[in-house]
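There's a structure below that I have some questions on.
To keep things simple, chains are lettered A, B and C as they appear, and every chain counts its residues starting from 1.
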Amino acid sequence: MAVTFVRKEMLPQQPPPSSQVGPVRWVRENLLSSPLNIFLTLAAIYVIYVIIDHVGPWLMNSVWNAGSLAECRQILAGESGACFAVINDRWRQLLYGFYPSDMYWRPNLAMVLLLVAVAPVLFDKLPRKMIWFSAVYPFIAFWLLWGGSLWLPLAVIAGFAIGYAVFRGLSPMTNGALAVIAGALAALIWWFVAAAAVSDVLQSVIPLGIAAVPSREFGGFMLSIIIGVTGIALSLPLGIMLALGRKSDMPLIKMICVGFIEFIRGVPLITLLFTASLLLNYFLPPGTNFDIILRVIIMVTLFAAAYMAEVIRGGLAALPRGQYEAADALGLDYWKAQRLIIMPQALKISIPGIVNTFIGLFKDTTLVVFIGLLDPIGLSNAIRADSNWNGIYWELFIFIGACFFIFCFGMSRYSMYLERRLKTDHR
Amino acid sequence: MKKSVFLGTLSLTALVAGFASAATLDDVKARGTLNCGVSTGVNGFSAPDSNGVWQGFDVAICRAVAAAVLGDPMKVNFITTTGQTRFSALASGEIDMLARNTTWTFSRDTDLKFTFAGVNYYDGQGFMVKKELGVSSAKELDGATVCIQTGTTTELNLADYFKSNNMKYEPVPIETNAEAQQQYLAGACDVYTTDASGLAATRATFADAENHIVLPEIISKEPLGPLVRQGDDQWADIARWTLNALIAAEEYGVTSANIEELAKGTENPEINRLLGTEGELGAMIGLDKDWAKRAIKAGGNYGEIFAATIGEATPIGLARGLNAQWTQGGLMYSPPFR
Amino acid sequence: MATMPDVRKDGFRLSMLLYDTRYRSITLQVIFLVLFAAAAWWLIHNTVENLKALGKDFSFGFLTVRSGYDINQRLIEYSSDSPHWRAFLVGLLNTLLLAALSCVTATVVGVLAGVLRLSKNWLVARLMTVYVETFRNIPLLIWILLIFAIMTESMPAPNAFRGENPASSMLLFDSIAVTNRGVYVPEPLFTRSLGNLDLGVFLVSWDLLVIIAVLLACVLANRALRKNAETVQNATGVRPVTWWKSLLIFLVPLAALKFALGFHLGLPELKGFNFAGGTHLRNSLIAMWFALTVYTGAFIAETVRAGILAISRGQSEAAAALGLRPGRIMSLVILPQALRVIIPPMISQYLNITKNTSLALAVGYMDIRSTLGGITINQTGRELEGMLLMMLTYLVISLVISMAMNLYNSSVKLKER
């Protein structure tokens, strides 16, 4: 009997075949796994090639230092190339509009403080006390951007203090609702009757302030950010009210809220902006006239409020019924239940939606160009009306588009991160 | 909830500051700045430079009025308006005067309730075509594609012109001059039509200006001028006579260079009255006697402004044409200062 | 309120309006109503005062005045002699056309991109991510302007088709011309046309109606045929061959119709300054259409992706276990289920498209916002009436779309038993 071969020792481990490792395998599995995939890969490569072939040389040839388009053309000497000198010349205008250049620190500071102010809202690991700064921030920002007397924002804040004092003073004597109403009335009376006068008097006694900048000077991205941020900040309380109104069991209030939300969501923003620019003067008492940027902010706020209401309604709907029932079982009244149980949770769920609404709103601020405001696109028209830069096109839009992209992309990443985190929270 | 009240306060302060009374002059003086409506950018007429300072022919009128009323040509708030928002802005009191290439027409003067302060530029709608089309008259444009800027009188003129000449055309409405220019250069339209001044200004910035011609036909009268609200005659007078002062100054040879000299008194009583060394003309329109002197010093007389912003020495290179003094065969004619 | 069962007999006190939960909501609503009415009255009063001060009245009479301006793209008869209401109608039809076209293509692009973004092909998935992120994060207005400019710059002018050795030539046997003024495609012409049906406001071609009627009849006949085949199959187990009958049902009437109406194609040809003949799809329409498609497509892609990811893996594994191919799994198992998740956000995307058509002015597309809300308001100075009319129109369009989509949504919704 022949002795069959019996292996005594293990063979050394072989490396996997070259088609199964490293880049080759990756390419095979990810790019060439089926005929359709091969086709898609080739198509994708072609698309990338076409884009690079068309845009590449033009970008590589850019001119960054020139005083005018004619100079650019001279430097390029007939070759195709971008003339980014216009950005070099005008980037300040595109970012700040006509804001006095020696005061750029003010919008810059306001922007930095904005980040600080929203931080406690966006990241819940930060100390809760910081929320007080967020509450005061609007006044700081207003004062920094528009300048003028410091007494005015202080007088407005004083209104809150007065309202609160009245509320505290009355609440032992009478019941809660009346105290709230009295407090609100006191604050309103203060604001509409006394605040302006008192701040004027204080200003004349102790001048305290920085140079005022009229909103006419605002422009560029600063304007977009102001409109977007104020619109969202102001629309939040309004949106909460509308969402609650829509869920309310009082038919009249529900009807009005639904009507408002559906009306705003049914018409394009541009018609609302035209209303701000052309019609608002008809609706206000004869002779009233106020700043177009404020009018735009008001309309944008109303617009965003309707969308915000829907986002928050989603948050309210996502909350388990048990939460409502638990709040009732504790004997909390409607407002206490909303304030202590429902809203904190519903708002937390809604934050990604709110951020998305903000991104949408921020992009939509470009529409103000149609009513003659100088946002980045409006400024691009104005810049092209200068003899030096007449005829320039792509460079400006690429710059504006890139700025928008950075801003919106960052925010959308953040909202995705939040969504992921919230998901794990609820599982 | 705190923030919504913040809005209330914002608008409150604006309301306090913004109640417009009947007398625009008092408003402007109280405010310390002139709110002047300009376009969002027309080459040579109004555009911000790289320092954010507005420059141009229409802008100069605003500055002259500000200098006359407030004593400082820089005390102007330039408020950008589009073709669509300009009249609302003026009617609502958002702006005190509008200097935005606006054509003086019957219905604007009467139905829309404005008062035109005069004409600072006599224009007319023209056509620009590429030379290679071989077109020498607008009558040969049957079937052409025409780029027009929308929101102005040009689209009405264009419709009328082609209809009355029994020709067909394809309108391509465009929002801004810059877009229209791009469309035209790329050949998306055969013809670009707008005011002849705008055509010349646009053509001047082309890389190959010699390949484009402006056709001889001018199909409309477009007297462009600053306008104010109806019903405030004093303010209308100020705007009108500031413009006239600039025109008259050119006629009498008063320039920004020699105005200090002439203001000490001259042999010509008309110049003396204009510059306030004789008579009380300023008081009649509610200003001091140096008003015209300041207006002229702001940017020079009409001729100087023209030369500095849109004249032949500038890239825009417009000839005076109809806008020369009446003594030079033009239409610029100021009523006497008396 | 007398019928209300009241246990307490101590009568009604005024403070109960505020403290008694039975009355409080009524009190609040009455207060609210009064405030609301006061605000509305205040606004209307101000408007009346302001109109009086301006010497204007509130009337829609301007709609019957001669408009005086031309519109390039008109789906119905219109000239500068037509009244403003007709210009409004032309604009409205243009808005609807653009919105309808964009909704269809955006859905196609969005679904494709959403599916491809989940593709195993690394390159394609990355490319789709780049597409979605770039379009979602840059304002639509910029895209519209850029796409319009790219089309103007990269397509040949009609001039390029001229001469002995033209720089460009027409496509598909000289039937389609792609220029930077738009695309000219052949138009259907009828030598024995049946004329038009006059509906008072606009004309409808009898030819079109007849063709639609014949097509509808064909479809119905075909359905009957298939139903019959089904019955036969159920009864005998053998399905009769129907494909050639179907073909006949469609081809014969259409061929007869083509002959009867004398149908032929009108080809575009270069005449004078422009191409004449054919149907002209203007650049402004194409740019708006394309921009709305790719912009909204990016949003729809995200919705579709989320919808697909929401379907549990077990579904696709079960389908794979049944032996379905990957493409089939997607179209037969995953997408139908994902549809239920996708449709509600899709409604709002369609609404967004409709509302975003109002940006058409940026490229000079004459939609309702450019005709009524632009030139008409500008020439007549009737901003109050014009804006109200325009808002109302958009509102009605939006409500109709959301109603239709909600109906569809409830028809595909998972029927819970």
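Convention: a contact is a pair of C-beta atoms (placed from the backbone, for glycine too) under 8 Å apart; a residue touches a chain by one contact, two chains touch by 3 or more.
Remember, it's a predicted structure, so these values are computed and weren't measured experimentally.
Looking only at C-beta pairs in contact, point me to the busier pair out of A-B and B-C.
The greater number of contacts lies at A-B.
So, comparing C-alpha centroids, which chain is the farthest one from chain B?
C
For chain A and chain C, what's the span in angstrom between their mean Cα positions?
Their C-alpha centroids are separated by 28 Å.
How many Å are there between the centre of chain A and the centre of chain B, using C-alpha atoms for each centre?
38
Cα centroid separation between chain B and chain C, in whole Å?
42
Counting only residues that touch at least two other chains, what does the list for chain A look like?
Touching at least two other chains: 274, 278, 281, 369-370, 393.
Do you know which chain B residues sit against two or more other chains?
84, 88, 91, 182 - these are the residues of chain B that touch more than one other chain.
Taking each residue of chain C in turn, which ones touch at least two of the other chains?
Residue numbers touching two or more other chains: 145, 149, 361, 377, 383.
What residues on chain B touch chain C, complex-wise?
Checking each residue of chain B against chain C gives 83-84, 87-88, 91, 107, 111-113, 132-133, 141-145, 150-151, 155-156, 158-160, 162-163, 169-175, 179, 182-183, 186-190.
If we count contacts the way the header does, which residues on chain C are in touch with chain B in the complex?
Residues 54-55, 68-72, 80, 145, 149, 152-153, 157-159, 180-181, 271-274, 276, 283-284, 361-362, 364, 366, 370, 374-375, 377-379, 381, 383 of chain C touch chain B in their complex.
Per the contact definition, I'd like the list of chain B residues that touch chain A in the complex.
Those in contact with chain A are residues 1-21, 33, 40-44, 46-52, 77-82, 84-86, 88-89, 91-94, 176-178, 181-182, 185, 202, 204-207, 314-316.
Residue numbers of chain A touching chain B in their complex, please.
69, 73, 89-90, 93, 97-98, 101, 135, 138-139, 142, 152, 156, 159-160, 187, 191-192, 195-196, 214, 216, 230, 233-234, 236-238, 274, 277-278, 281, 287-292, 294, 297-298, 301, 369-374, 378, 381-387, 390-391, 393
Note which residues of chain C are touching chain A in the complex, please.
Within the complex, chain C touches chain A at residues 18-19, 25, 28-29, 32-33, 36, 43, 46-47, 49-51, 53, 116, 119-124, 127, 133-134, 136-142, 145-146, 149, 351, 355-356, 358-359, 361, 369, 373, 377, 383-384, 387, 390-391, 394-395, 398-399.
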